[in-house]
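Shared chain: chain A. Partners: chain B in the first complex, chain C in the second.
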Partner chain A sequence: MESSVANRNKPLAAKVVEFLSGYALACILMLLLLVLTWLGTLEQVDRGLFVTVKKYFSYETFFLFPEIKGKLVPLPLPSAFWVGAVFFVNLALGTILRVRKGWKTIGVLIAHGGMLFLLLGAFVTQVFSERGNMAITEGEVSNVAQHYFDHVIEVTEIADGKPAKVHVIATRHLEDLQPDDERLFKMANLPFDLAVSGYRVNARPVSVSQGARGPAEEVIDGFFLQAREPEVEAERNMPGAVVEVRAKDGTPGERFLLSTASFHPATLEIDGKLYALNLRKALWKMPFTVALDNFTHEFHPGTMRPKRFESEIRRIQDGREEPVLIKMNDPMRRQGFTFFQASWGPQNAAPGDTLFSVFEVVRNPADKWPEWSLYVTGVGLLVHFLMKLVLFITNQPKRRVRAS
Partner chain B sequence: MQDRYLMVALAAALALVGCKPQATVVEISETRELTTEDTPPRLKATSAERFQGSRAAGPAGYRYETPEGWTPQPASMLRSLNFAIGPEGEGEVYLSRTRGDVGSNVNRWRKQFGMEPLSPGELAKLPRTVGLGGELALVDAAGTYAPGMGRPPQEGFALVGVIGQSPDEVVTVKMVGPEAVVQAERERFLQFVRSLQPAE
Partner chain C sequence: MGRKVAFGMCLAVIGGIFLLAVKEMRPEKSYTVLPDYAPWQEDTVEVAKGIPLQAGGRVKPLETYAGYLMLSMRGDRLIKIVGADGDKVKITPTEWLLDALFRPEVAMKLPSFRVDNSEVIELVGLEAREKRDRYSYEQLSAARPKLFELGTRYEEMQRQDEELSRVETQTLALARLVRNFEALIGYFAFARSGIELLGAGVGGESQVQRVSTLMATADVIRGVLADAQARGEAPPAHVTNLLQQITDLSNAAKFGLPVLPPPDPETKDWLTAGNRIWGVMTGTSSDPEGAIADITAMETLVATEAHEPAKFTERLETWRGSLEERARDRGEYRPVPIELKYNRANWFFNALFFCFLPGALVLSLGLLAPQGGWGRAMRAGVWVFSLLGLGLLAAGIVQRSVIMDRPPVGNLFDTIPFITAGVVLVALIAELLTRRGIALGIAPVMGFIGLVLARRFEFGDGTDTMDPLIAVLRSNFWLMTHVLTITAGYAAGLLAAVVGLVYVLRRILGFDDDSKSGKSTRRFLTRMTYGVVCFTLLLSLIGTVLGGIWANYSWGRFWGWDPKENGALMIVLWNLLILHGRLGGFLREWGTNLAALFGAVVVTFSWWHVNLLGVGLHSYGFSDSKKMMVFSFYGLIGIVLLFGIGFMLHERASKKAARLEGASRPGDDALAPAK
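Showing the complex of A and B:
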């Protein structure tokens, strides 16, 4: 009764800290993480990995409704990112305020530090990591990867038939657009603006003579964007949109269909100057150039299971060349970038054909943090259990004396 | 009880933060550096050239009749002709020009379905059909389709394809997709193959 009265008289801040550092909250959060991971694993079968990871683990989502076999479950759940963030605070406060400090608990403190580091690594990966791929044909060079899922609209200024300057409408300005939305992009350094409408996550440009058109699908120059269901493998989506060029005073001009499925950009001519308009996967320039000298591959006999994929490359930077062999499970790590051997093509290549190699490119400042945090946690637990064992053994004679 | 109020307050705060209005006008000043991808573009291309590629200038060097319900898709480096088939476009038909010989391509397709390669004697006994101005080997396969290139195996798939050889190249026409779709489209596929002729 007394403790209940004392609790009631505590200041609000103390109650908040007590709640945030409590075991009860820790249990709820761990249970939530377990449930979210389980539901996310079920949902990704139908909805695909990218969409599900974004829904369950992105910092942009606060609450979500799970879906099982396409049916909405009317149970709002917090996203795993924010559960993890609260768990980090809970674990940090718990370690500072509740864990006894002393040489006997040093192992527990180290293990808690390892777990905090793991959660921090997850946060850094979620917010700061980037992924894409770089495809290079044997004998060619590349200094650019393309993002798997991010699409952008680019306006390229053309001089003497070549690209001179590229203006980019970034993914973050496009990804929330619905087919009925229209958004005006005021191009600060160009003599015109662009109004984007009819944005579809997955669509194909189809000739009116070859496909059935819905009433809402606008025809431009004999083609329209035929909407498709988003792909389960989201990197295969091909977005499309209608773009209207507008003068700076708002006067509407030419309209174009843009699609990532197109072979060539749309061309715009204003005051005798040419511009290329393109909807494409976002490009990501590397700080060095990669030259692919040779690619070799080998499968396990009678299967399509890869046994050995190897790319002999040269990393070229500031006039210096470094030969590197990139193999399956043996990536190249340079300047914060990791190049994994991902795939190759063409699949129907005959012996002697020129091949291309595809590298998955990852930039993750917390690349090795999970591994290090496991070491730290492991050391902490080892110290703790060894100390418990030593204490148990050294206390045995005392216990025997007490018992006798 | 206090804890519950705290939970509710925290949830409400997060929900409010989550509501952000959509912008209708956005100022853009972002640019990016030129890369090895920035080769001189094909300028002033027509919509047909932009969306159909080489097919726009006389469909990939072939004359053919597009079966009802097939949706033409953009051609690519490996697909001179490309169609989506089935109610949801879940199957595909495409024509490729490649190297090698008929046998290696038949066995490559069989391998994608986990089937044993055929011996030269068995290859000679494959059923035949006509198209592309000559006789073509007809290949059937069904089961789990492993297309490779990092794409996951797909169960319950089927393939019907034809392969022909000229002095310079091997031409393949492959229909692949869920088994029900492939079986439903089989006759239309064979009719399409019969209509295929090299353009004059």
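Showing the complex of A and C:
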């Protein structure tokens, strides 16, 4: 009774801190994370991983409605990003304020510290990591990786028949555009601006003679953009848009239909200068060049089960060469970039054919954090539970001695 | 009363699970009658068992190969027929394979195919019998053209990503099995029929020559063809006829037994008789003399079988010896004799039927009178059976590991015996520490359930459970650390659920009254649940993070929201929830135990269910029957949980009512019986 009176008399800030550091909130958050993980797992079957992760873990949304087998569940749930954020606060405050400090709780304190570090690592990874892939054919070199999901509209200045300078617009600036919307991009270093409209996340340019066109679809040079459902594997999406070249005074100019599915860029000439317009996956320049000398792969005999695949490469930087073997479970880590053996092709290659190898390229400042946090958490939990086990055993009532 | 109910329930559960285990062994309604069937001599079978061959990416004894082949076609590893004089004859996989290879006319009559859905039989135009029945090749052969036509059509549909109906899938599966069977019965056709040379005999009659003889003249035949081609003429009719025969016979022997180790150490794929014939005839063989010797040995073997069974065994042994020698030279023979011993020991079968099953029965009998001499004797029995079972289980796991030359868990099947052994071991250790008989009771029951599951899995899949690892898993360090830890986490989670289940059942069945000892047992059980939950958390958390670190090494990301990763995270979260719920006072005795019991659902989701979603990096093949098993398990746990919650609420309401009544009539306290 006294405590409840005391509780009532506490200042609001203290009550808030108490709630934020409390077990009740911890349990609610864990349950929410569990339910969200479960629903996200089921939903990715229909919607694909990228879309589902974006839906469940984006900081841009606070609430979401889950779907099971494509059907909406009328139950609003908070976004896992924000649940995770509050969980971090709860865990930090709980560790600082709630957990008793002493030898008996040393394990718990260490484990909580490790978990905080893990969550922090997850946040840093989510916000700051970059991923892409680099495909190189045997005997060739490359110093650019391609982003998995990010696309760009590229304007390339052509001089003497060669690309001279490239200007880009990232498509993340377009993704909120409805097909009817238009957005003007002021191109500071170009003699014209670009107005982008009709942006589609996934579309194909189709000849008017070959596809049924909706009334909204604009026809340019006999083609229109036919929208498609986003792919379950989001990296397969091929965006498309209509781009109008607009003079600096706002006079409308030529209109182009750009699509990642197109093989060739569109070209235009302004003031005697040639420009190429292209919509493609964003490129990512590496600080070094990679030369693929040899790629080998092996299946388990008589099966199509991959046994081994590895790439012999040379890393070239400032004229120096370093031979490296990249294989499954053994990536190359250099200068903050990690190169993983991801896949290879062509899959139907005959013995002796030239192959290409695909590397997954990742830059993640928190690359090693989970590993460090594991050591911390593992030690903490081990200490705590071993202490508990010893207590459990030593507290057992002595076995009754049977009367003979 | 409660004890009798518990005894009855135990027997019912054991009986039910036992039936599940032996479902595939139930006798057929009517046996195939083959009065002329001559069983193989025991020594012949023994020799045949050890013939090394390469299948599914690894070298193994013929016995293993035959076992899985028969399992995939027939759904079990034994055929019973009525032989001469009405005697029952048991045909093992090796004998069945010998029949298919050397006596196809007999093998065609054996009921080698299990058809689970009679609609398939009707679809191909045959008259169905039972809903699920077994058919011989001879019985199915009338519908062969239709079956293959449908099989080709459904294969094409599958290639186009069209979804097949249940019947279509089953029909396609049957078509493939029939094709596999034909690859066996046709394997030695080249040795049985030879090549008929038109007009080569006396008086222009045809003459039959051995294929090996023809192979020796391959250069000449190719020369004739080249000459004809150079002249722009068609090859002579008798040569065309001969080539057609060779093509057909080598094709028939191309897809069966990959039993011939290649001479070139760089070549990884073992060869079939068909590969050998074709290689020589097309001039692509690097070792034509060796190929001719291989084919000659097979021809001799086949010719001997027809006439002299005793000599056949001798020649089979010589042939096996030469194959062993070649496999040994390639450094590939090591696992074969170990696997033969493994097959003979039949560890898991013996642990199931001769240790955990009797252990569980003894446990049930002990429930009737746990105190006194009877109880002590039964407890001793449970100890002996459980320890024996654990020993066999451990021996099996270790031997598999030695055969596969890798840590014990590398595929979904491996997890089952490993988890079973983990649960039994921890239960026995817990019993050693607590001496209350409760953890001891868990050991044989979980051992029994785990091995029934393993058996169902193996029989349901009909594929080799010792398949080689795919590239990403080929890291002993990570298999040892991540996979073993996470699997041990599953085991701990299930054990926590079982302790929770024991608590719930004891309460519902009235084992624990409100006496001092009853309350003490409840507290003990809850502490035990709590302790196991702690270890589940420890193992699952470390296992999950290790998995993340491995993924970071292999694929460049610590966490990818892959269903298997999510499942592991759910186990971690659920156990964290139990521990913090308990610390916060939201979960007490009932709550902790019910939550731990629900943990079994979370573990099952992670261990099995995510695999049937068909997405992600950890997705393995999953059949409908396994799906059914998973959902039945959820249902069962759900029912127990509902009963538990209902009982808990009822108990609370009764206590509250009693308290209110006590408060209104304080004088009644004096009348309450002493406790």
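Keep this in mind: the second predicted complex is superposed on the first by the 381 of 404 C-alpha atoms of A that agree within 3 Å, B and C clash if a C-alpha of one lies under 4 Å from a C-alpha of the other, contacts with A are read in each partner's own complex, and residues count from 1 in each chain.
Please note the rule applied: a contact is a pair of C-beta atoms (placed from the backbone, for glycine too) under 8 Å apart; a residue touches a chain by one contact, two chains touch by 3 or more.
Note that this is a predicted model, so its numbers are computed, not measured.
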item: Clash or fit, chain B versus chain C on superposed chain A; value: clash
item: Chain B versus chain C as contact partner of A:K15, first or second or both or neither; value: first
item: Touched partner set for A:P331, first chain B, second chain C, both or neither; value: second
item: Which superposed partner A:V166 touches (first chain B, second chain C, both, neither); value: first
item: Chain B versus chain C as contact partner of A:L33, first or second or both or neither; value: second
item: Which of chain B and chain C A:A342 touches, first, second, both or neither; value: both
item: Contacts of A:L75 with chain B and chain C, given as first, second, both or neither; value: neither
item: Partner chain(s) touched by A:I158 [first = chain B, second = chain C, both, neither]; value: first
item: Common interface residues of chain A - those touching chain B in one complex and chain C in the other; value: 302-303, 342
item: Residues of chain A touching chain C in the complex; value: 22-24, 26-27, 30-31, 33-34, 37-38, 40-42, 44-45, 49, 52-53, 118, 121-122, 125, 131, 298-303, 305-309, 328-331, 338, 340, 342, 360-362, 364, 367, 370-371, 373-374, 377-378, 381-382, 384-385, 388-389, 392-393, 396-397, 399
item: Complex contact set, residues of chain A against chain B; value: 15-16, 19, 61-63, 78, 82, 141-144, 146, 154, 156, 158, 161-163, 165-170, 173, 176, 181-189, 204-207, 210-211, 220-223, 226, 228-229, 233, 257, 259, 261-267, 274, 276, 278, 283, 285, 289, 302-304, 342-350, 353
item: Residue numbers on chain B that touch chain A, as the complex places them; value: 2-3, 6, 11, 14-15, 17-18, 22-53, 66, 71-74, 77-78, 84, 88-89, 96, 98-100, 104-105, 108, 111-112, 114, 116, 146-151, 172
item: Of chain C, residues touching chain A in the complex; value: 54-58, 258, 268-270, 433-435, 467-468, 470-472, 474-475, 478, 520, 527, 531, 534-535, 537-538, 541-542, 545-546, 548-550, 552-561, 563, 566-567, 569-570, 573-574, 576-577, 580-581, 583-586, 605, 610, 613-615
